[in-house]
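Chain lettering (A, B, C and D) follows the sequence in which the chains are written, and residue indices restart at 1 in each chain.
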Amino acid sequence: MSKEVTYTVRVEFGDCDPARIVWFPNFFRWIDAASRHFFIECGVPPWAETEKTLGVIGTPLVDTKARFLKTATYGDRLDIVTSIGEWRGKSFTQRYRVMKGEDLLLECEEVRIFAGRRDDGSIFAQPIPEGIRALCE
Amino acid sequence: MSKEVTYTVRVEFGDCDPARIVWFPNFFRWIDAASRHFFIECGVPPWAETEKTLGVIGTPLVDTKARFLKTATYGDRLDIVTSIGEWRGKSFTQRYRVMKGEDLLLECEEVRIFAGRRDDGSIFAQPIPEGIRALCE
Amino acid sequence: MSKEVTYTVRVEFGDCDPARIVWFPNFFRWIDAASRHFFIECGVPPWAETEKTLGVIGTPLVDTKARFLKTATYGDRLDIVTSIGEWRGKSFTQRYRVMKGEDLLLECEEVRIFAGRRDDGSIFAQPIPEGIRALCE
Amino acid sequence: MSKEVTYTVRVEFGDCDPARIVWFPNFFRWIDAASRHFFIECGVPPWAETEKTLGVIGTPLVDTKARFLKTATYGDRLDIVTSIGEWRGKSFTQRYRVMKGEDLLLECEEVRIFAGRRDDGSIFAQPIPEGIRALCE
């Protein structure tokens, strides 16, 4: 079982579009922040440190799917509940429920990797670092 | 068969993150622009007009899934090839291939609706407007 | 004398650019949120309400100047200390100090108006609403 | 005299806020792109190259002031006319006029530096590289 960590967002005027609702790419902005926040809250060091100790520069996205159930607007306070769905060999799934109080606004499931960087600058998927996995469970 | 429309993006410095690659929410920013661009290029009037003529205020997102295959960085020029996948009763799918030259960077498929607005400000899915559908085929 | 209200920001990975520092337009994103937050904390109703009661749809920017003294990066927590500098006939100045602990990172001073909207959709500067001014002092 | 370079922007739906006009931080997003575009069009290599050849990692902002004269909305096409105002010892000014056809929407003047990076990661102002200056005149 994974830990569950909540990241809270205030929706601002500029996050909304002319339809007066959150412009959807902003949800992905917040989900990415919630992803990193999850690891920080679990005790994983910042990527600038893991780059030196584990060669892990971050957790880039490989795949995402999201269902948008209800809209939000400025003044709303959202809670993004984040957990790990599954650990695979060289990737993992991360899950998000974006809540406004008791209302589920959005569900998202991603596949991410722990990325290393090659000498030529390109990135590759590292095997899941056992130490990081242990901190998240 | 749907038309296919290409929307071109220049990747800028500020679109990239400390890993020097495009920060993924920016891809959704561009995909949303490509979605609207598709309708404009097909001859559909701006939503500000269709609001008056058809009660359609836009095409909000219901569902999205995306696969990230390769990264991009600033200085890159990307082509987003957009089409309609399927017309359903009250929704439709829109498809995107984000290309860098011959390289496929990202595939995305969305479900969107043609939204109307109720008196209380909430939005709802309209039946697919036949006139709009005809312009897109 | 104006009230002073603090708005707190967590700097996220995606707020930073390939130089690993906050990409400057994000400071303006946060400053705009701090501006609205100032009025909310002073007890001014949301613009959606003032539109009905006072014809005020918001406080668009007319003029801004900012000095960037130090950089910030992800993981930083910033406090944006906001106040009113001066009330003029049909505009006002709003001031911001962006602090990281005791360090001043950025100073900004803006001219904003309380905007009304004409029938043709264009906006205009309203005289300063006395009720709003009283709440902010 | 400085060269003058134009950067063209399409305003998208998501660039606009609930007042249906461009949310102002987006103007700074485009201005930053116009700044880099100016150097590229003058023949200056990308910062990733100048980092190796000149130790210049980019042109971070020190100071900016902007006047907002008219608004823009989605569907608009904007031209950002960019030039160098003044070369100083360790900084320079860059000027922007954001035009919609013949209408001036926004004027901006910035102070920027050519930044180097110290071993501890901090940045500092380099003397103006003569080769870059020559390309821009």
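We adopt the following convention: a contact is a pair of C-beta atoms (placed from the backbone, for glycine too) under 8 Å apart; a residue touches a chain by one contact, two chains touch by 3 or more.
All of these numbers come straight from a predicted model, not from anything done at the bench.
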| item | value |
| --- | --- |
| Which of A-D and A-B has more C-beta pairs touching across its chains | A-B |
| Centroid distance [mean C-alpha coordinates] between chain C and chain A, Å | 28 |
| Averaged-CA centre spacing for the pair chain D and chain A, given as whole angstrom | 32 |
| For chain A paired with chain B, centre-to-centre distance based on mean C-alpha positions, whole Å | 23 |
| Multi-chain contact residues (two or more partners), chain A | 13-14, 20, 23, 25, 29, 32, 58, 74 |
| Touch-based graph of the chains, sorted into line, ring, star, complete or other | complete |
| For the chain D and chain A complex, residues of the former touching the latter | 13-14, 16-18, 20, 23, 25, 74 |
| List of chain A residues in touch with chain C within their complex | 10, 12-14, 29, 32-33, 36, 40, 46-47, 58, 74-75 |
| Residue ranges of chain B touching chain A (in the complex, touch as defined) | 19-21, 23-26, 28-29, 32, 57-58, 60-68, 71, 115, 121, 123 |
